[in-house]
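Just below sit the structures, each encoded as C-alpha cells.
Common to both upcoming complexes is subunit A, partnered first by subunit B, then by subunit C.
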Partner chain A sequence: MSTGTPGRLLRTRRGPLLAGLAGGLLLAGFLAMSLGPTGIPPGRVVDVLAHGMVGAGQERAGDALIVLQVRLPRLVLGILVGAALATSGALMQGLFRNPLADPGLVGVSAGAALAAATTIVLGDALLAPWIGPLPFAALPIGAFVGGLLTTLGLYAVATRSGRTSIATMLLAGVAFGALAGALMGFLSYLSDDRQLRDLSFWSLGSLSGATWVKVAAVAPLVLPVLLASPFLARGLNALSLGEAEAFHLGVPVQRVKALAILLVAVAVGASVAAAGMIGFVGIVVPHVLRLAAGPDHRVLLPASALLGGTLLIGADTVARTLAAPAELPIGILTAAIGAPFFLWLLLRRPGGFSL
Partner chain B sequence: MSPIIEAKGVSYRRGGRHLVQAVDLAVTAGSLTTVVGPNGAGKSTLLRLLCGELAPTDGGIVVNGRPIRSIAPWQLAHLRAVMPQASDLGVPFTAFEVAGLGVEGIGRGLSERDRLHIVGEALDGADVAHLAHRTYQTLSGGERQRVHFARVLAQLRAGRSVEARQVLFLDEPIASLDLKHQLALLRHVRRLADDGLAVVVVLHDLQLAAGMDGDLVLMQDGRLIDRGPAEQVLTAERMAEVFGVRLVAKTLPPHPWMLADERGSTFAQDALTCSDEPRRQASS
Partner chain C sequence: MTFLTRRRLILATAVLLAPLPSRAAVPRRIVSIGGAVTEILYRLGHESEIVGVDTTSQYPAEALTTKPNVGYVRALGAEGILSLDPTLVIATEGAGPPDALRLVEQAGVPVIRVGDEPNQAGILRRIREVARAVEEGERGEALAREVEGGFARLAENRARVAQPVRALFVLSLQNGRPLVGGRGTTADAMLALAGAVNAASTLEGWKPLSDEGVIAAAPEAIVMMNRGPGGDAQDPFALPAFSATPAGGAHRLVVMDGLYLLGFGPRAPLAAQDLMVALHPDLPATRWSAQP
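Moving on to the complex of A and B:
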C-alpha cells in the first residue's frame, strides 16, 4: 500500500452518513407532527403513534385525528416527494454529467405540469366520461403520463442510431419547456375562476390536501424508484468519465441511460402530480451532499433520498407555521431558498459551466 | 498462439467516407503493436473498433473466437482496458477515486482490501500516488493522463482474476506527458507486454514509435499499409509516400543522448533507422 492512498475505497463511510441522515429525517418528521396551527406535545405524538385512536380524553382524540389523518399522511407524502425530487435530480446530474441538470431543466416537470393543468382545466369536459369514477386519480395519472410522454419525446429527439446526445436533450428540453409554458398560459386563459385558483395554487406547489389515498397513489411509483436507483450508481460513476470510457469499464451505457430516464420520469410525474411544482430540491440536495461526502453515486443516491425528504418536510413545516392558520405554498419557499443558492453556485464556480 | 482479439476484413464507413478499410489485424498475448500513420489515417477509429466501442460496417471483430457483439460489456471490461486520448470529468472525483473506477465492478472474489491494494499499486505504477487526494480538475493535463493510466492498470489487474489473457489499448497515451513520463509510460507498457499482456498503442511520435519493441502497424487513408519491425515499415520511401516528409525525416536530429533510457538501450538508436538511411543502419 502506498502512502498517498486513503484507507478505503469510498471517501465517506456510507453507514454512519446514511444513519445520521435517517436520524435527521426522523427528528424532522417528529417535529413536523408536533408543530402546526394546533400544537401537539411530543409525548402525545408518541402516544398516538404507538396506540392509534385508542385512548382516553376528548382532547387526545382530537389530537389523534390531527396526527393520524392530517399530519402523518402529509408527512409521508412530503418524504416521498422530497426523496423523489432529490433522487431524480441526482440521477439527472449523473446522466448529464453536469451538476446543474435537473428534471425542471429538461422539461420533464413542465410536461408533467402541462398534463396536470390540462386535467384541471379540461378534465371535466374531456376526461369525465372515462375517468369519471376515479376523479381523485385523474390529476396524478395525467401528470405521470405527461412526464413520461415528455421524457420519451426528449429521448426520441435526442437519440440517433442508438446513441443519446445529452446536449441535444438539454436543448430539446428548453424547447419542450417553452412549449409547455405557452400551452399552460393558454389553458389559464381558458379557465374559469375556480380552475384558475386550482391551477395557480397547484403550480406553486403544496403538500396541503395530502390524504392516505394520495400517499397510496404515490408510494407505489416513488418507492420502486428509490429502491432501484442505487443499482445505477456504478454506471453513473463510470459515466462521469464519458460514455466511451464507461463502456470500456463494462457499463451497458444505453441501458443505464434508458433506465435512469425512466426512473426520473416516474419519480417526477408522481411527485408533480401529488404536490405540484416544487423547484430546486433536485439541485440543492445533491449539491450539498457532493460538497460534504463526495460525488460517488453509491453514497449520493441513497443520501439524496434521505436529505430530500428531510428538507421537504422541514420546508413544509415552516410553510404551515409561518403564516398560520394560513399556509404558504411550499414551492414559494423552496424557490425563495433555492434560487439564491443556485446563483451562489454559479458565482462560486470559476470559469462558469460548460454543458 | 490464437489471437485474443482479431479484426477480419474490418471496414468502418461514416458519412460516405471509409475511415477504416478492409483491415486484418490479430492481437496475440504478449505482443506489442504500435499503430502509426498521419492524421486521419484511421488509427483511433481502428482502436475503437478493436475495443468494441464502434461496430464495423463490414467485416468482424472476433474475441477469443467469438464475435465481439455477442460479448457483454462487463465481460469485455475484464479482458481489455482502454486508455483514452483525453478525458474530462463532470464531477469532482479525486485522483484516487478516478483510479478506483477501474476496480468498481471488475474482478471476481476480490475483497475490499484487495481492491484498495490494486488501486494503490496502480497509482504507484503510474507515478501519481502523491496526487491521490487531489481533485481531478486541479491536475495538469499530463497528471490527468497518468491518473487514467493508473485507472486502466487497476482495471487490468482486477480483471485478471477472471481473464488471464488481456489486451491494453492506448490512444496517444503520451501526448501531454513530459519526456520523463513519456519514457516511463512506454517502458511500463513494454514491461506489461513482456509479462504477457497484449498491447496496442497509437503513437504520434514516430521517433518513439520506432523505438518500441514489437511490430509497427502503418496506416494511411484507413488502410493498413504495412506491419512489421520499424526498420522494415519506416523506410525512407514510405516516409515520403505516407507522411510526405522527406526533408523532415532527413533533419531528425541524431541525438542519441536525448532519448537514451536508463537501461542503456536507446529509443534514438533505433529511431535513427527511421531517418534518411535505414538500409545502412540495418546492415551495419
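Moving on to the complex of A and C:
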C-alpha cells in the first residue's frame, strides 16, 4: 500500500473492494425486488422466487406476476445496462486518456438516437416492407444498428494505415454528434405530434418497458463485453503511459484500441436500444472508483460493472417508489444520486485530480 | 344398491339448483387513462369506480386531486397501475409504453383502448365505447345524443357566421418561437368547428412559425391556451411579428383552458361554441359557459 504521495488516496486491495461492491449489488437487488408500489412483503418475494409461477398458488398469482414478470426482468435489465454503461465509460476514459470521455464520444449514442428518430418518424413510410413481422422490435434493432454503423464509420475515418488516431476519433465523434443533432432536428420537424412525443419519451430513458424478451435480446450483447473487458486491462494500463511507450512495452496497441471501441459500441448500442438514453452512469462511476481505488484497470473494469449496475437499479427503485403509482424519469435520479456523492468524494481530496 | 341413491339425488338437485354467482359480485375498479375518458366516466356517473387517473385527466378538477395519479399517458408503469388493484383499464389511443400495457393485460386486467379522433363521429364513438366498457349503455346513449344535439346547435350557429375570422392557434411561445397548429391538428379541427379559418393551413401538424410566416399568415385573432387554472397565457403581442398582424392591431387574443378546448371530450361542442362566440363577437349566439 502506498501512502503519503500527494494527491493519491490509499489504494484499496482488489479482493475486498470487489467483494464489497458485489455485496452492495446484491443488497440493491434485494431492495429492488422487495420495494415497489404494489407493496409485496419481502418474505412473499423470496417465496415466489423460490417456487416460480407454479408454486405461487392461485390466490396470489398476481403477486407472482409482479415479481417474476415485472420486477425481475427490470432488475436484470437494470444490472445489464448499468454495468454496460459504466464499463464502457471506464474503457473510454482509459482509451482517450481523458477524464471527460464518455461512452457517447465514439458516436454510439448519437447514432442510436438518430436511428431511433428515423425509425419513429419515417418508419411507416420507409421501412414498412421490412418491419412487417416485428413492429415493436423495429425501434430497438434500428437504434442498435445505427449505433454500430456510426461507430464503424468513425473508426474508419480515424484509422489510417492500420493505426487509429484517438484524437481524430474524438473530433470526428464531436462532428458527427453535431450532424446527428441537426438531422434529428430536421426529423422532428417532419414528425407529427404523436411521433414527436414518442421520440422525446424514448430519449428520456426508462426501464419501465423491461420484459424478458428485451433481457434476452440485450444479455447476449452485454455479457460478452463484460467478460471480455478485463482482458484489456493491462493494455489500457500501459496506454496511460502513452501510445509509443505502450507499444514498446509489447502491448498490441492497435488491437487494444479496436477491441475497446468495438466493445463500447456493442454494449452502449444495446443499452441505448433497450432503455433509451441514460446519462451520467458512464462518466461518474469510473471516476468514483478511481478516487476510491486508483487507476488500475484490472480493478477498475470489474468494479465499474458492479457499481454501475448497483447505481442504476438503486435509481430505478427510487424512480418507481418515490411518486408511486407514477414513475420518475431515471436519468434525473442517476444524476441526483451520483452527482452529490461524486462531489463529496472530490471535496475530500487534499490535492488535485489525476487520471 | 342402485347408483341413484337418495343421497346422491338430493346432492345432485342441490348442485343443479345452486344460484349462479351474481354478475355484480366484484366491485369494478377502473384506471382511467386520458382526459376525455375520465370526463366521460364522470358524466356517466361512474366516478366512484375510478381508482386511478393519468396526469391529463384535468376535468373535473377533483379527478386529479382525489384520485391517485399513475403518471403521464405516454410514460406509464405496469407495476404502478397494478398496485391500484384494478379490474379494468380504459386507455385513450397513444397510451404507453406499449410494453407496460401489455404487462397489465398479462396480469389479467383487461385494457380497453379508446380512439381519439378529433371530430364529432370520434367523440360519439368514444362515449359509446366507454359506456359499453362499464355496461352503462342507456346513459351512454343519452350522453351521446346530448353531445350530438350540441353539435347540431353548433352547426346552426356556424351557418350564421357571416364573415369567418382568420385565426391562428399558438400552442406555445418558448423563446419567442411560436408553435402553431396547422392542418390535421386538434386545433385545426376546433377552429373549423368554430366556423373560423385556420391562418396556418399551409402547415401540416404542429410546426414552429417564423416571424415572416406569422406576418404572411395575417391572422385576425390569436387563440392560446392558458397556463393552468386561473393562469394567464404569455402575451404574444409582446413579439413584434405578432403586433404587426391584424390581430395585433385590434389586440384580439382568445385564451381558453387547454383540455376544454382540445380535449375533444363531451364538452367539445360547448368549447367550439365558446370559441366561435369569442372569435365572432357580432354573432347572435350565446356562450355556453363563462369558463375561460
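Quick note on the criterion: the second predicted complex is superposed on the first by the 314 of 355 C-alpha atoms of A that agree within 3 Å, B and C clash if a C-alpha of one lies under 4 Å from a C-alpha of the other, contacts with A are read in each partner's own complex, and residues count from 1 in each chain.
In this section, a contact is a pair of C-beta atoms (placed from the backbone, for glycine too) under 8 Å apart; a residue touches a chain by one contact, two chains touch by 3 or more.
Because the structure is predicted, anything quoted here is derived from the model rather than measured.
In the superposition on chain A, contact is made by A:P325 with subunit C only, not with subunit B. In the superposition on chain A, A:V70 makes contact with subunit C only, not with subunit B.
Contacts of A:P42 after superposition on the shared chain: neither subunit B nor subunit C is touched.
When both complexes are overlaid on chain A, the residue A:G185 reaches neither subunit B nor subunit C. Within the superposed three-chain model, A:G23 lies out of touch with both subunit B and subunit C [touch as defined at top].
Once chain A of one complex is fitted onto chain A of the other, the partner contacts of A:P340 are absent, as it touches neither subunit B nor subunit C.
Shared-chain residue A:S240: touches subunit B; no touch with subunit C. Of the residues of subunit A, not a single one touches subunit B in one of the two structures and subunit C in the other. Here subunit B touches subunit A in the complex through residues 48, 51-53, 72-78, 80-82, 84, 87-94, 96-98, 100-106, 112, 115-117, 119-121, 123-124, 129-133, 155, going by the rule given at the top. Against subunit C, in their complex, subunit A makes its touches with residues 36-39, 61-62, 65-66, 69-71, 136, 189, 191-194, 196-198, 201, 204, 206, 208-211, 214, 320, 323-327, 329. Those residues of subunit A that touch subunit B in the shared complex are 1-9, 11, 94, 96-99, 234, 237-238, 240-242, 244-245, 247-253, 290, 294-296.
By the touch criterion stated above, subunit C contacts subunit A in their complex at residues 52, 55, 68-72, 74-84, 94, 96-100, 102-103, 106-108, 184-185, 204-208.
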